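What follows is a structure written as structure tokens; I'll ask about it next.
Should a chain be cited, it is by its letter among A, B, C and D, assigned in written order, with residues numbered from 1 in that chain.
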Amino acid sequence: MAVDPVIVDEESKILVAPLQFLMNWARGHSMWPLTFGTACCAIEMMTVGSARYDTERYGIFFRNSPRQADCMIIAGTINLKIAPRVKLLYEQMSLPKYVIAMGSCAVSGGPFADGYNVVQGVDQIIPVDIYVPGCPPRPEALMNALLMVMERNSAGELSAAEVFAAEHRALGVSE
Amino acid sequence: MTTLRILLGILVLVVFALINTVVVMWCERKWAGHMQSRLGPMRTGWHGLMQPFADALKMLGKETFVPDAADKILFAIAPVLAYTPAIFVYCATPWVANFAGYSLDVGIFMVFAIAALFPVSIVIAGWSSRNKYSLLGAFRAVAQQISYEVPMILSVLGVIMLASSMRLSTIVESQAHVWNLVTQPFAFLLFFIGMLAELNRTPFDLAEAESELVGGYMTEYSGMQFAMFFLTEYANMFTWSLFAAMLFLGGWNGPGPALLGFVYLLIKTYAVVFMVIWVRWALPRLRVDQLMAFSWKVLIPAAILNAFLTALGILANVWVLIALQLAMVAGFVWLISLIGVRAGSAVRGDAPEVSS
Amino acid sequence: MIGIAKGLATVFGRMVHPAVTEQYPLTKRTLPERARMSFGMTRDESGSAKCKACMLCERSCPDEAIVIESEKRADGPGRVLTKFSIDLGRCMYCGLCVEQCTSDGLHHTGEFENNSTKREEMILVLFDAALEPAAPSEMDESTPEQLAEVTDTFGAVPVAQDGGAE
Amino acid sequence: MTAPATTAVNVFEGIPGVFDVGVLGSSPVRIASTTPNALRGVIEELKVGRGFTHLSLLTAAERPAETPGVKMVYAVTRRQDGTRVMLTVDLPEDELRVPTICGLWSGAAPLEREVFDLFGVVFLGHPNLRPIVLRDDFPGHPLRKAFAMKPTGVDAEDLAWALSSHGDNGSEPTPEMSDPSLAVKLPYPFVADVMLADDGSGLHAQREILNMGPQHPSMHGVLHLWLALEGETVIAGEVTHGYLHRCIEKLAETRSYRAVTALVDRADYVSGFFTELALLGGVEELAEIEVTPKAQYLRVLMSELCRLTSHTTWMAACGIDVGAFTPMLFSFRDREAILDFFEEITGGRMMFNYFRPGGVKSDLPPGAADRLRTYLKTVDASIDGYEALLTNNEIFRNRTRGIGVMTPEVILDFGVTGPMARGSGVNVDLRRDEPYAAYGDFDIRVPLGHVGDTYDRYAVRIAEMRESARLALQALDGMPEGDFVTPGVPRAVKPPAGAAYHRVESPRGELGVYLESDGTAQPWRMKIRSPAFSNLHVAPAVLPGGRIGDIIAIMSSVDVVMGEIDR
């Protein structure tokens, strides 16, 4: 992903470069997703932590409080009733934060997209980092997505939240 | 010069404590993994040894979030207040023979006094967060920690009687031939149970109770403030295991040169750490009223009885002492089993009956 | 206390046994033949796609994830496939399209690592005439009965604008 | 206890206000109509006078276009002999009002709220007539045919409106709907009433409201409990759900029966085979399609394996909820083993789309039967593993015994079914009472609890897991040769106009699908009778008096699956 020009501040970058390296390493090796599953995908999300897949090998470790979580896995359908809650939870998470849209429902509304009550993709509410197709995606696919986020962190790439904030700043929208 | 020595001492102790905290964290995740047929951390350093560092560093870099409704000053103080006693306790801890920051003749008394500060930070954290889950967690934690300190202190009475001293190094040296675990098994059992409660570990993890209170008193904490609580938990775990090793497992006593004593002490400490972790992953959690009832109705009377019978045993001889202790252990096991069987009021079968 | 001891013993016992973890990115398990993960276009020996652009799959798709573009054949009746794409982010992997396929042109694959940072990349293009080296295979149109059945069944589902038999 | 022949004595005989007595399609269900005014009397006579004590279904369906309006559908069962009765009430478009029956069954209250929400039928005298699955401020009643779904689904405008407020627990029951002469009181306190109750010393300063969920680690997805607390003790609790309402019933009306099969997998997402089975049972009943014997056995085999996976998922949640984390890892280990078989046989791990009208999609792959047999013989040992961690554990017993006790009367009052009912010693199991698929050939043993507390429900489920493994082995051993699907069943099934109600025993209880066909390839109305919905709504009656820890333990014993509750 191209780094947004608004964010790159050459001066501060030089100052924090060595620290930034350490930080990227830490973020690339520790990722605490929030236990928030709405639907079918939540079962596969639980499976990811189970003995067969054991995400803890990579330092992925589920936390219950949004304040302490780094990453929100939208595991399931988002409807009009839960949408404000999803947004609230996202806002409660502290930066840096990442969002994984797991499964067709979170990506686009999936099989329920025609319905009168289903949000067509969680990216309409919050910025999404990784999309995971599947209905539900295999646990391996979700693990792959989590590892992708961590790899991107190691490489120091910006999260969707940061890009979103930068775009808003560039547009002069105060948040 | 003295100031420098003190500063150096503090630095060494803090670093030592931090390293051990991190190692305990690693042990927890790794051992828990293996107990559950998993592997635990594998990819960060050798078998995930660097995992806690990565976690801590990441939390350091996270945004520290203070809720709008929170009491900002108290909210900021609480994590610091929690972490301080966890380190402070080491100043009176003897490591090998008389190698101690300050060898206090009421060392054990001071340990408990400092440990009693921890609930204060919890109640501040719970209160200032302005979150109902935090508040409930804080209430639970305070009630629990105060209730369980009593049987814990009472259980140590026997040890103090045997050593005729409250100085930690004297207590350890009194175990040069026989560990207190042999002469005081029941006291060790009580101490261990009290320790689990002090550490907020399963089956007494009501203050955090993830499935009930989300995160208990630390629900609203994020970033480094949360990391402080997290570290405190594991620092306390190391501290209490260290004291359990000193009070009951003979501390640094062992064959070989005196310097090896430090290694013995660490090995014994980690043995206790293992037990704490082991219990955590095998047992469910108590309910809040059962927790209080267990302390006040079972543990405290048992601890008083233990002190009394230990005094009697000391008056008679060591065999009587051991016999009395074993009888108490047996009685305790029987009592717990009885509570389990009688749980629920109705007289009833256990397995479901089958109809076809 | 016996119950507690039993639990402790069980947990300790697990420590001695080897873990059941399959270390996913390092070892990947082969999926069974029937696994419905992603899609592939079946091709004949010459490498040309077997799809006949009969639209059965597009119309049978409950999620409207399949989009087929085709144009009228210049040299006779029937249509030529120009583009075949499936929106993996919309699909529910029910397998109805593969079941409906009359020409054995579409099949499931075990590929599941289709994650992406962009929503647009969820759209899997299985066939694009512009990128296709080989000529499309011989066309034969679906029988009128088949089409009638599908139209009946999925009549309520809107049909893509340039798709469908006339 | 098979259902008696349709020629048996007419159960409606002598009840005033009943007309159009008949039989529902080819099923043994007796059906009749009544008027709104006579409804309450008829149902009371059926319940009290003739022993139809179990409310199986309460729903509504749109009437045909020529007679606009809504048809209320009630189905009740007499458990002694398994007689099933269905009652319909036609409501014309301008008079969508009917008296409530929640005085007879408290479990009818949430079902009526659902009909109110989705059809706009007003239940006179209902004490708490608020929307239940949709947002409080949702415009319109979506299951009416007149409700226009936007072709593009939810658009940005809707979303902006949705994000502007939370939209639940905001509305008050509408007063004009409460006809005082019909007013009914429910046997549990409401949170708002408790909070506002005055004991003479002003408001209760000690009481506070605790919102548990929708994001809470032990709310099994997106359940929302609304609790009034006094210290740690719960004095009233209400259930809010609908955070996973995804229009399955409406979408089903626009899709072919095969696509609906794929869709209903997602309703009960931990045990998709059961909704498929209930739906296809209805389709086959309506279209009179024969199912081959081999397919019947395959259906039993898959159902029992699926019950096993569903209970292992429950086991995981149950362990975590009482604070023991390890049972989850043990049970998921075994779940994975079965899911591998599912994937090999059906192609999906959780969403199978395997059953077809007249049979199943494909035969067992070669060698699968033997491997399955070998695996099923190890299941008992794995279950011993979970039991070692919980069953005899003193702490677990103290946590669960005597907690959340439900008497058989409560079970009937709320329409609770499945392991929850059996935990209270209520001897019901549709596999045995109303054998569907090949269950008639099986030797089914039904475990029953003694007291009806959380521990009993736990013990019953554990026993059912062992039982399922045994039944699956029986199915493998008795599998006949032959076709796995009846040849010649068209792809697009078009059942003749009519209605069918088919129920199966899902891991949570009585799961039924009420189908109405208008002769086209899409259902006119499809309603899933969700067992978890009824089981969940017993909570307000059971929760008060418990502590927070008890609430979690009780809710885990309900085995909530939100997908099926909200649909």
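Everything below uses one rule, namely that a contact is a pair of C-beta atoms (placed from the backbone, for glycine too) under 8 Å apart; a residue touches a chain by one contact, two chains touch by 3 or more.
Being a predicted model, the structure only gives us computed values, none of them experimental.
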Result of counting contacting C-beta pairs for B-C and A-B, higher pair: A-B
Subunit A and subunit B, separation of their C-alpha mean positions in angstrom: 36
Mean-CA-position distance for subunit C and subunit B (Å): 55
Rounded Å distance, subunit C centre to subunit D centre (Cα mean): 32
Whole-Å gap separating subunit B and subunit D, where each centre is the average of the chain's CA atoms: 46
Where subunit C touches two or more other chains at once, by residue number: 1-4, 7, 10-11, 19-21, 23, 62, 92-94
Shared-contact residues (touching 2 or more other chains) in subunit A: 51-52, 54, 57, 64, 109, 111, 113, 135, 138
Set of subunit B residues in contact with two or more other chains: 33, 35-39, 42, 210, 214, 281-283, 336-337, 340
Chain-level touch network, classified as line, ring, star, complete or other: complete
Sites on subunit C touched by subunit D in the complex: 1-4, 6-7, 9-11, 20, 31-36, 60, 62, 92-96, 99-100, 108, 149-150, 152-158
Residues on subunit B engaged by subunit D in the complex (per definition of touch): 35-38, 132, 136, 202-203, 205-206, 209-214, 281-290, 336-337, 339-341, 343-346, 348-356
Subunit C contact footprint on subunit B (complex, rising order): 31, 33-39, 42, 278-279, 281-283, 333-334, 336-337, 340
In the complex, subunit B residues that touch subunit A: 29, 33, 36-44, 48, 50-51, 53-58, 60-65, 210, 214-215, 218-223, 226
Of all residues in subunit C, those that touch subunit B in their complex: 1-4, 7-8, 10-12, 14-15, 17, 19-21, 23
